[in-house]
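Below, chain A partners chain B and then partners chain C, in two separate complexes.
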Partner chain A sequence: MSNKVVVPFGSQHICLPEPVSFLFDTENEVITDVKVDVGYVHRGIEKAAITKFDFTNVSYLLTRVCGFCSITHASGYHHGIEKLLNIEVPKRAQYLRLITVELDRIHSHVLANAHVGEVVGYENMFMQSVKYRDDVMWLLEAITGNRVQYDYYTIGGVRRDIDNNMVEEIKKRLKKFKEHMLRIKEFYDSDYTFGLKTKGISVISKEMAKRYNVVGPIARASGLDTDCRKEFKYLPYDEVGYELQLYTEGDVWARNMVRQDEILNSIDMILNAIDNLPEGEVKVKYKGRPKGEVFVRVEAPRGECFYYIKGNGTKVLERVRIRVPTYSNIPVLKELFVGEKYSDAQAIVLSFDPCMSCTAR
Partner chain B sequence: MLGMFLESLNNLFSKPVTVKYPYEPSPEPEGFRGVIYYNEELCIFCDKCENVCPPGAIIFDVVDIESGKKEYNYNPYLCIYCGACVDVCPKSEEGCLIQSNERIKPLGRELPRDKRLGYLINRIENPKEFEKEWSKLEIRAKENRERLKEYKKAQRAKKAVKKE
Partner chain C sequence: MISQNVEFFEVSVDNVKDKIKNWYDEEKYHYVTINAIDNGGDVTLDWIFFDYNKDQWYVFRAKNVAYDTLIPSITDIIPSSWIAEWELVDLFGLNVENTPKGLFIKDPNIVAPLRKELK
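What follows is the complex of A and B.
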C-alpha cells in the first residue's frame, strides 16, 4: 500500500538557518521527488554595485552579501581590482589577509558542524561548539573592528595593523581553541550514535561529484581534490603549511570530518603565519581607474567563489558578477534526496552548509 | 564515566559564559568600531564623508543659502560602522571625525543627547519620530542643495553682468 504525501521543508523551518524552500514528494516516508526554491533573500546587490557605488566603495556593499563569508567576498573583489590596477600588495598585508580569511573559515566551519550535530540529536554539542566559537569571533572583532561584517580589506592592503599584544592574544586563544577542537573531532570520529545517523547517508561518489561540478568541502569529502587555495595561490598558502584534506566516503560524516580537519589545518596556518609575520607596510597607494575585465577564484568556507569584474575606465564599474559555492552545490543536493528517508533530509541539507543570502544576493 | 561525572559537576559550579547584556555592559575589545563623533569647530565642510558614506548616514543640510552655512546630521541607527568617513576625513587626526569604541543603545524609549552626534538627533523629543524626521531631512537636504546651486549660478551671472 503506498501513501503519497507532499511535505514542505522551509522556507522557514526550525532546522534551517537560512530561508530555502524544499517541497518533498514522499511515498511511505521515502522521498521520490524534490522542488527547490532558493530566491527568498534577493537584494539586488550586483545591480547596486554597478549603479550606486564607486569602485572604491563597492567592497562595503560586497562584504554585506553574507555574514559568514563576508571577508571572502571582499577578498574576491579586491584581488580582482588589484589585478586590474596592477598593484603589488605588501607581504605583511598578505599575511594579515590570510589570518583573517582563515579565522573566518574556522568560525563558519564550526557553526556548520555544530548544526549537523544539532539536527542529528546532539543539542549540547551545538551549544558547546558555539561557546568555543565565540573566541574566534572575539579575535576577528578585535583585529578588524566589526563583529560580523568586517570592512578589513582595502585596495592595496588592509585597513589596520595588529600589534604585539594582539599577536599574543591570538596565540593564547587559538591554542586553547585547538584543544577543544581536537576533543570535538574525537567525538565526531568515534561516537557510535553519531555514526549511525551520519555514516552512509547521502553518499556522493567521485564520479557523481565530477559530473555535477561539486565544490568545496563536499567535493573533498568525496575524494575530489579541488581547492582554490592550492590551485590559484592568491595568498601565500604554501609558505604557512597548507594541506589538502581528503576523505573518500562522501557521506554526511565525511563532510563533517573534512571541515573539522580544515579547522585544525587553519589553526596551524594562522599560528605559523603569526610567528613569521613579516615587517613592513600594510597598505600601498594606488593610481588610476580599473579598465578591462578579470576573473577571480577564491576559496570561500563553502567552496569556490567566482568573481567577474569589468571596468571601463570610469569611477563606476560596468559589471560585477558573483557565483557562490552553494549555487553550484544545489543540483547534486536535489539529486541526493531521491531515495532517502524524510527523517534524514535535515542532516543532508545542513551537511551541505547552504548559504542562501550568498546564493540569492 | 567518572570523567563525565566530574565534568558535569565542574560545569554545574562554573561561571556562566554568557553576559547579561542589556543589564550589564558587554565588553568590547580595544579598537572596536563604534559611534562616530564629530567636532564642528574643526570641520572644513568639504562633504567628503557625506559622499563616501555607503548607507547615507551622514547628511550636511544647507540651513542658510546666502551664507552657505551647513549643519552636520548623523543617524547612528542607519550607520554600518565601517569607518569609511573617518578614513576619508582630511582633519580626522586632529579630531574632527572620530570613531570611538562606544556602542549606542538601540532605538528605544529615549534618544542619546550629545552635541557630537550632530543636530537632528538633539532636536527631536520623541524617539518614535526619529525615522520620519530623518527621511524628511533627506528630501529637504536634496532640495536645499539644488537651491544653493541655483543661487550660486545666479550670483555668478550677476558678477559677469557687472564686469561687462
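What follows is the complex of A and C.
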C-alpha cells in the first residue's frame, strides 16, 4: 500500500543556510512532485541601484547582495562600468582583484562542501573545515579590510595595495591551508560512507545540464566544460595557471569534488599571482559618466554571474540587472528531486550550494 | 578591459518565439536570461544568449513593448526560462503567457517595482 505524504522543507530548516521553501509530494518516501518558492528575501536592490545611488556608490550596494560572493558582484559591476568609461585597469590591480576573487571562491567552496559533509553525517568534518576556512577569512580581512562584504574593488582599480609582509603571510597561510585541503579531498574521494551517501545521488547528465542551462561547479560536475574564467576574459586567469575542473558523474559526490579541485587550483593561482605580482599603481583616475550598455559575465563561486548595466550619461544609471548562478540552477534542481528519496533531499539541496539572498536580491 | 562582442537580432513579441526556436541550438548556445528595461511607458525586452565556444553574446531584442502585451513563453524551447519569465511578471508587471505572479514578491500591494513610475 502506498503511503503519500506532503513534506514541507524550509523556508526555515536545520540544513538550510538561507530561506528557500520546497514542498515535496512523496510516495513511500520517494519524491513525486515539488513546488519551490524562492521569494523570501527580495530587497529591491536593482531598484535601489537606479534610484538611490549615483554610479560611484552603487558598488557599496551590490557588494551587499550576498555575504559570500560580494566581491563577485563588485567584479561584475566594475568590469561593466570600466568598459562604459573606457578605463584600462593597471596590471597590479588586476592581479590583486584576481587574488581576492579566488580567496572568496575558496572560502565559499570550503563551506559548501562542509555543509554537504555535515548533512550526510560528518559534523566533525564540518567543524574542521570551518576552522581551516578561517585562515582564508583572515587573509581577506587583512587584504580588503573586511571579513565579509569586501568593498575592495573601486572604479579604476582596487582600494588598497599589499606590502611584502602581506605577500609572505599569504604564502605561509595558503601553503599550510593547501595541506589541509588535500587531506579533505582524500577523504571525499575515498571515504566509503561518504561515497555511499553521495555517489549516484541526483545525477545530472551532460545533456540535461545543457538543456537546463546549468552553470558553475554543478555544470562542470556533469561534464559540461563551461566557466566564465575561460570564456570571458575579465581577469588575467590565463597568466596564473587556471585549469578547468571537470567530472562526468554529475552526482552529489562529483559536485563536491569539482569544488574541492577548484579550491586547490585557486590556491595555486593565488600563489602564482603573488610570485609574479606586477609593480605599479593599483588604481587610475577616471573622468566621465557611464553612457551606453554593457553585458558582463563573471564566475562566482556558484557559477556564472551576469550583469547588464545601462547608463544614460547622468550620475544615476538607467538599469542594473543581476542574474546570479543559483537563479540559473533552480530550474534543474526542481526537476532533479523527482524520483529521489526524501532522505537525500538535504544533500541534494546543499550540493547545489544555493544562495537565496543572491537569487531574490 | 572586457570585450563586448554582441550580435543583436531585432524581433517583435509576435515573432520572437519562432526566431529563437529556429536559431537556438543547446549544443552551441548558452541561454543566460531574459532582461527587461523600462523606458517609461513601455519596455525593451532582451532574450540573452552566450556562445559556449567563443566570446560572443547574442541578444534578441524587442523594443517598445506595451505593458499589457501578451509576451510568449519560451519554456517549451528552453525549460529553465520560467524563472526569468516569472520575474518579468513580478517586477515589471508584464503579461507573460502561462506565468503567474508571486515568486519574488508576495505583497499584493507592490506592483511592478522596476517600472520608472514607481520612485
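Everything that follows uses one rule, which is that the second predicted complex is superposed on the first by the 361 of 361 C-alpha atoms of A that agree within 3 Å, B and C clash if a C-alpha of one lies under 4 Å from a C-alpha of the other, contacts with A are read in each partner's own complex, and residues count from 1 in each chain.
The rule is short, and it goes like this: a residue touches a chain if its C-beta (ideal position, glycine included) is under 8 Å from a C-beta of that chain, and two chains touch if they have at least 3 such contacts.
Bear in mind the structure is a predicted one, so any value in this text is a computation, not a measurement.
Annotation: superposed three-chain arrangement on chain A; chain B versus chain C shows no clash, the two fitting side by side. Once chain A of one complex is fitted onto chain A of the other, the partner contacts of A:Glu46 are limited to chain C, with no touch recorded for chain B. After overlaying the two complexes on the shared chain, residue contacts for A:Arg319 are found with chain C alone; chain B is out of touch.
In the superposed model, A:Trp138 makes contact with chain B only, not with chain C. Of the two partner chains, chain C is the only one that A:Tyr212 touches; chain B does not reach it.
The superposition of the two structures on chain A yields an angle of 100 degrees at the Cα centre of chain A, opening toward chain B and chain C, reported in steps of 10. Number of chain A residues touched is higher for C, counting chain B against chain C.
Of the two partner chains placed by the overlay, only chain C lies in contact with A:Tyr308; chain B stays clear of it.
When the two complexes are overlaid on their common chain A, residue A:Pro331 makes contact with chain C while staying clear of chain B.
Between chain B and chain C, the minimal CA-CA distance in the chain A superposition rounds to 18 Å.
Contact residues on chain B toward chain A in their complex (touch as defined above): 17, 28-33, 52, 54, 80-84, 87. Chain contact summary for the complex, chain A toward chain C: residues 37-39, 42, 44, 46-47, 51, 79-80, 82-83, 86-89, 210-213, 226, 231-234, 294-297, 304, 306, 308, 310, 318-319, 321, 323, 327-328, 330-332, 335, 360. Interface residues of chain C facing chain A in the complex, by the touch rule stated above, are 1-4, 6, 26-27, 30-33, 35, 37-38, 46, 48, 50, 52, 55, 57, 59, 78-80, 82-84, 90-91, 102-106, 113-114, 118-119.
Of all the residues in chain A, the ones that touch chain B in their complex are 53, 57, 60-61, 64, 131, 134, 138, 141-142, 145-146, 149, 151, 159-160.
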